[in-house]
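A single structure is presented below for examination.
Letters A, B, C, D and E mark the chains as written, and numbering starts fresh at 1 in each.
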Amino acid sequence: MTLSLLILIPLLGGLLAWYSQGFNPNLPRRISLFTLLGSLAYIGILTLTSPLARSSQWLFDESHVWIDRFNITAHFSMDGLSLILILLTLLMGLAALSSAWSEIDKHQGFFYFNFLWTLAGIIGVFLAMDLLLFFVFWEVMLVPMYFLIAIWGHENRRYAALKFFLFTQAGGLLMLLSTIALVVFHYQETGQLSFNYHVLILAPIASPTAIWICLGFIIAFLVKLPAFPFHPWLPDAHTQAPTPASIILAAILLKTGGYGIIRFVLPLFPDAVQFWSPLMMSLAVLSIIYGALMAFSQHDLKRIVAYSSVSHMGFVLLGCFSLNMIALQGAVMQMLAHGLSSAALFMLVGLIQQRLHSRDLHQFSGLWRYFPQLSAMGLFFAIASLGMPGLGNFIGEFLVLVGALEQHASFAVLASLGLILGAVYSLRMIQKSFFGPFQTRGSDLDDPASTVDTEIALTSTSDQVSAKVAPLSKPPTLSSPYPDLSLKEKLTLMSIAAGLILLGIHPQPLLDMLEQPLAQVLALYAITGSAL
Amino acid sequence: MSNHYLPAGILLSTILILLLSIALKRSHIHAFLITGVGLIGACLVQVSLIEAPATSELLFIFTPVNALVSAGLLVILVFLWSQLYHWLDKSDNTNEEYYLLLLTASLGAVSMIASQHFASFFLALELMSLSFVGLIAYSNNNPNSQEAGIKYLVLSAGASALILMGIALIYLQTGSLTFDAVSTNKLQHLASSPLNLTTSGMIFILTGLCFKLSLVPCHLWVADIFEGAPLPTTALLAIVSKLSAFIVLWRMFSYGEWQTDSTILDVIALVAVASMLIGNLLALQQDRLLRILAFSSISHFGYLLIMLLLLEGNASLLNDISFNLEAMVFYLLAYMITLTGTFSVLMQLENTTSIKQLSGLFWRQPLQATCLSVLMLSLAGIPLTIGFMGKFYLVAAAISGQLWWPMSFLVIASVIGLYFYLRIIMIMLAKTESASVPCKLDIREKVTSWVIIITVIGVGTFPSVFADMLEAVTH
Amino acid sequence: MIEITWVLVLSGVLFAIGLFGLLSRRNLLFMLISLEIMLNGVALIFVAASNLHGNVDGQLMYLFILTLAACEVAVGLALVIHIYRQQQDLDVDKLTKLKG
Amino acid sequence: MVSASFIFYVLAIIIVTMTMIILSHALNPRGHKRSNAYPYESGIVPVGDTNIRWNVNYFLIAISFVIFDIEAVFLYLWSLVVVETSWPGLLTASLFILALFIALIYEIKQGAFNWGIRKEGES
Amino acid sequence: MMALYEVLLVPTSVLLLLLLCAAWSTWLERRLLAVWQDRLGPNRVGPMGLLQVVADMIKIFTKEDWVPPFADKALFIIAPMILMIMTLLGFAIIPFSPNIQIANFDNALLFILALSSLSVYSIMLAGFSSNSKYALLGAMRTAAQMLSYEVFMGLALMGVVIITGSFSLNDIVAAQENYWFILSQPLGFVLFLIAGVAESHRAPFDLPEAETEIVAGFHTEYSSMKFGMFFIGEYLGVIFVSALITTLYFGGWQGPVLPPIIWFLLKTGFFVVFFILLRAAIPRPRYDQLMRLGWAVLLPLTLLNLLLTALWQLTLGF
């Protein structure tokens, strides 16, 4: 029950949150907070009290019989990679909770139910060592996520939610087919029917179909990642999702794709991966450049961040298929760093939207004047995301590039182009939004027309007119038009920033922790690099 | 006479008693109770027969699989029956005969599931079809119902004629009416009939059964019938009639030499793929719930049809040919359970025909909306629902049989299907302008909804019990 | 003895006539009649085949077909009368309330 | 096998009937102008046409006939082989008859053969 | 010569005899009715009015052969022919004596049932083709009545079949060597008798042509020989049912001393007279009473008779 408890806590917390709504509308978010803190505490106690078995890759292992008929087990294992990603999940969950705290005001119980179940699904994905179990969690995390987007999202939420779900489901179906095909071929070759990762990894299948099975897995993960041709769901989903959901999407959900490739694709299909590697690397480079270009041409802040995610996750893909230790470490590092920085950026965009009711770069500029703290944070994270040395993102991208250079120099060179483009769009975003004279156009709150209306209403004696116009807007208080960051928001952003800095200046413990799991992954490949 | 005949016997005597009681004194509650006693009795007996040893007679064959499927069917019928009283009590028709027709239809279905002879198959089929005509046209004052009834009559009679033609040709060729006549008499070609009549006979039968299962080239009018019939009838039609027809199709397939006839296999593969795609594509454009269900059922049977291609496949999971059967039965039952749930919810949401009327249901009646969402997810095959396990079995069997190209269409069709299942959920999530207060559900509706949710999620999450039973039954 | 092929041809023709009638006629009564013709075409094969093989299964099937035909006519007639009373028309093309 | 005498008998019957028709046609008086081109309705001018709405009972009788005549066909067969099928056959036939008998009771109680004046609301 | 006798002579003589009998049974009916009603009846033409039939014949042949312009002509003419043909065909399977029988069918009883079903067509066609309300109403009534009574007429016959195990009339007659089936089938006999009366729509079941209600029923518009054919057909029907009753329940041609054909004619004649007596003795019921009687009383009784016979046959029959 050690590991499954980790999944059960948020599941039960979610149910409790839903149920508690009937008593007090504010109860659900408190319960969620306690649930997340409880999970964190639990995982902390777990890792601190148990002796970290350095000799084995696996820190914890737990297995229950599930579906006897197919020898499917509920098998959970945790190694360094999972541990790090679960920690990321919980921490970013907290960040998302912080942004949800004030933003979500309708149907709170159901919101936190979905929120916690998504997190539980993601934790399950990071822990599941049985392929079917993995698939189940993979799909299960989507349904609550779908609800999050479809109910609490912005103006075009239905379309976005549907697109998100259809894309990931199509990928999921392919994965299901591939999983079963893998198991069937494995069975035919070894006579052992098992969906268990630990069993399958021992004897990678030799059939020529492996290439296609592998492709099925890769596509499923690429959709989630998302890489270039499979990305169209992402900008919509990110844009339309409520901020907490955007944070979860960008910070954690995308990482499951990278995790899947590292955990399953690489060790299970050594030959096929070699075969696909060039194609995948070129896709990665395409994603990097395409994402950056698209980010440059957007004027919706959330879309910019979303496309920058495409670009950044391209590095993860590049790292994964470079097939050496440095690149893999880089990829994981990039995943973490991107998780932190994009979460923070989405949160910031959410804050801006909360205040200005717009995310459109054309609608406002010069925010620095009224929101110095917010803008400073924005500046910091934008720079982090463009890969400023000393921060986590730099380490990740650098390691990936080094690793890729070892494998395919040309790809690395092209990918580094992405770095430059990244700088361009990040700086454009900063420049357009934070600097320059303060103005807002067309946003609800500061619409000149509405101000005029209000004036008319104030001067008019007609009750009708005032009754009609009065609810339109509150008269802006000129002294402090919009509040700057609150303490809670400040705290959250600061801790994320601290995390990024920590990753940037002292990544070594993390890299050490990753070494053993990644070495296991690469054990089947001839080329293995050494840790930095 | 083995005690395998007992469930059908119970049904038959219930029919007679009910008929007599209606003749002597009309009373809705009596009719309801008599039907219930009969159905539950038959159901219990059938469940206890699952473990009984298999026997085969000339007309009927009783295997554990049959027993399981019949038991599943009867359980579903009992479940539907439990909601019938409330539904019928509101209409101003006389209600007693509805139970009568329900019972005759179920008697037909139960005997059809066990038949292994063309004569018994044909009689059972007609018993069922003709009862359905009555059930569909039951609403006295509703012209839609009459129209659906006449359409069903023409369709089913046409289908019967086609099936009969097929049977006649096979009989002419082989001189026997048993399902396995084709395989045993294959070599003994008649001098007087130079044609090879068996293949054409099979195609006739297949076409007829396609009408009964409303598979693609024969899906004419099916949505009209679904929509026009009274709702409980639609449920029965979608569940009882299709389930039994499919079981019979499977048995004909596994007994005759059909599996080795490449023409037939090609036709089936084509029908399967076309049904999957066209069913889902047609459902995309629909705005009315029952039409969506009608078309989605076409595609689900398209998926199931793939299983027929596997019956004689040599590559199979666990090197075990009966795994395919297991997968088929699982999918069939899973789909039927989901469908039953869906219709139950629809029966609770009376007068809801268009999906627009579902708008905002999540905020009005959260329990029902949750229930319907779970069911839609199950139909779409999302994990942790029973529908997913069904799909898992299906895909596992199909991949073991290396049916790659139908599989690829399955993926495409599933994604299309996902779209309209999600659309229903999406509409329920829409916020309604009118601040409607949640309606109070009575205890019956609550219990029904919970039973559905727990079954669909429960079996979907922990399918082991079910799977083990299925494994035991199919071996 | 009449050769079986001729029987086959005759019943095939009957079946085809019935099928054609079913598809082309728009009047419900005629559609029902066409169905009967189809059934009788089939029944002919059963009787002939029964004679050919020297077993009674075919004749049994003939009886069943007869039963079916009777039941179909009974049910169909009932429905047709009902519809006629409601609409004063038996044209199946006018049954178009259910279109989607 | 159909005997020759039967064929001759059939021919003879047909010839006789034809003869009767033709003979009466040949012998009938012609040339009379008749003004009566109307159907007989007790000597008054006919009203309406013959497209009368039939009592629904006629249809019920027709349907009942179809059902019970088919029942009869099965019983014809059974009565041929009562001795061969012995007790099981009798049992089956009794069940069959019982079922149809109950159906008959039902039909009678439904008023299928009530031709008298109906109560309001009965169809 | 034997062959020629069988092929030509028997059918011809049977046919002629039948037509004569049918014709003279009209005379017989009128005379007998008169006797029972204390009057004379036709007694002017020929001795005891025997030649009345001939006079009627001449009259009917020379009447105007009126085909109404509003009728459907072909069907109008064919309808009476069908009735004649069907009724006459029935006699083909009656064993008049051991060696006087036109055709010996194995399925003679089915043949009879088929013929009686077909004669419904004649009446329906007559009614519909006349295009007259009385005719139509009469035809509907007749058809409904004949159909209703046909169901249990066939079933009533099956009692005899259960005992003999054959549909062949010859077998049935042969099986009555020791005792007549009237002894073992009294209920069956009564039922068949009633059904027979209704099938030949004689009084008291002559509602279809009840003069007082619907003029003449389905043959309102008929005249001349076509009317005559319906008329003769009716009497032929009476004779046929009598012959059938004789064959099935009264041992057919079997009887001591006298030659078989005489026995047969005697028995048949008795039933013809009985039919005429029925007309004189029993009033006509209402139509709905007739239908109810058929379905609600006689049909269940027939089924009961069938089961009892089977039971009897299985316990005592062998």
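Criterion: a residue touches a chain if its C-beta (ideal position, glycine included) is under 8 Å from a C-beta of that chain, and two chains touch if they have at least 3 such contacts.
Computed from a prediction, not measured in an experiment: that's the story for all the values here.
Engineer: Applying the touch definition from the top, give me the chains sitting in contact with each of subunit C and subunit E.
Structural biologist: D
Engineer: Based on which chains touch which, give the shortest step count from subunit A to subunit C.
Structural biologist: Step count on the best path from subunit A to subunit C: 2.
Engineer: C-D versus A-B: which interface comes out with more C-beta contact pairs?
Structural biologist: Higher C-beta contact count between the two pairs: A-B.
Engineer: Point out which chain occupies the most central position, where each centre is the mean of Cα atoms.
Structural biologist: So the chain nearest the centre of the shown protein is B.
Engineer: By mean C-alpha position, what chain is farthest away from subunit C?
Structural biologist: Farthest from subunit C by mean C-alpha position: A.
Engineer: Among the chains, which one keeps its Cα centre farthest from the Cα centre of subunit B?
Structural biologist: Farthest chain from subunit B, going by C-alpha centroids: E.
Engineer: How many angstrom between the C-alpha centroids of subunit D and subunit B?
Structural biologist: The separation of the two C-alpha centroids amounts to 41 Å.
Engineer: So how far apart, in whole Å, are subunit B and subunit C when each is placed at the average of its C-alpha atoms?
Structural biologist: 26
Engineer: For subunit A and subunit E, let me know how many angstrom lie between their CA-based centres, rounded off.
Structural biologist: Centre-to-centre distance between subunit A and subunit E: 96 Å.
Engineer: Quick one: subunit B and subunit E, Cα centre-to-centre, how many Å?
Structural biologist: 54
Engineer: Touching two or more other chains, which residues of subunit C qualify?
Structural biologist: Where subunit C meets two or more other chains at a single residue, that happens at 67, 71.
Engineer: Which residues of subunit A are in contact with two or more other chains?
Structural biologist: Residues of subunit A never touch two or more of the other chains.
Engineer: What are the touching chain pairs in this one?
Structural biologist: Result for touching pairs of chains: A-B, B-C, B-D, C-D, D-E.
Engineer: Show which residues of subunit B lie in contact with subunit D when the two form their complex.
Structural biologist: Contact set of subunit B toward subunit D: 12, 16, 19-20, 22-24.
Engineer: Within their complex, state which residues of subunit D touch subunit B.
Structural biologist: 98-99, 102-103, 105-106, 108-110
Engineer: Taking the touch rule as given, give the residues of subunit B at its contact with subunit C in the complex, in rising order.
Structural biologist: For this pair, the touching residues of subunit B are 118-119, 122-123, 126, 130, 133-134, 137, 143-144, 146-151, 153-154, 157-158, 160-161, 164-165, 167-169, 171-172, 175-177, 190, 192-194, 223-224, 227-228, 286-288, 291.
Engineer: For the complex, which residues does subunit E have touching subunit D?
Structural biologist: Those in contact with subunit D are residues 6-8, 10-12, 14-15, 19, 60-66, 68-70, 77, 81, 84-85, 88-89, 92, 102-104, 110, 130-137, 140, 144, 147-148, 150-152, 154-155, 158-159, 161-162, 165-167, 215, 220-221, 224-226, 228-229, 287-288, 291-292, 295-296, 299-300, 303, 306-307, 310-311, 313-314, 317-318.
Engineer: Write out the stretch or stretches of subunit A touching subunit B in their complex.
Structural biologist: Interface residues on the subunit A side: 65-70, 107, 132, 135-136, 139-140, 143, 146-147, 150-151, 158, 161-162, 165-166, 169-170, 173-174, 176-177, 180-181, 184, 187-188, 193.
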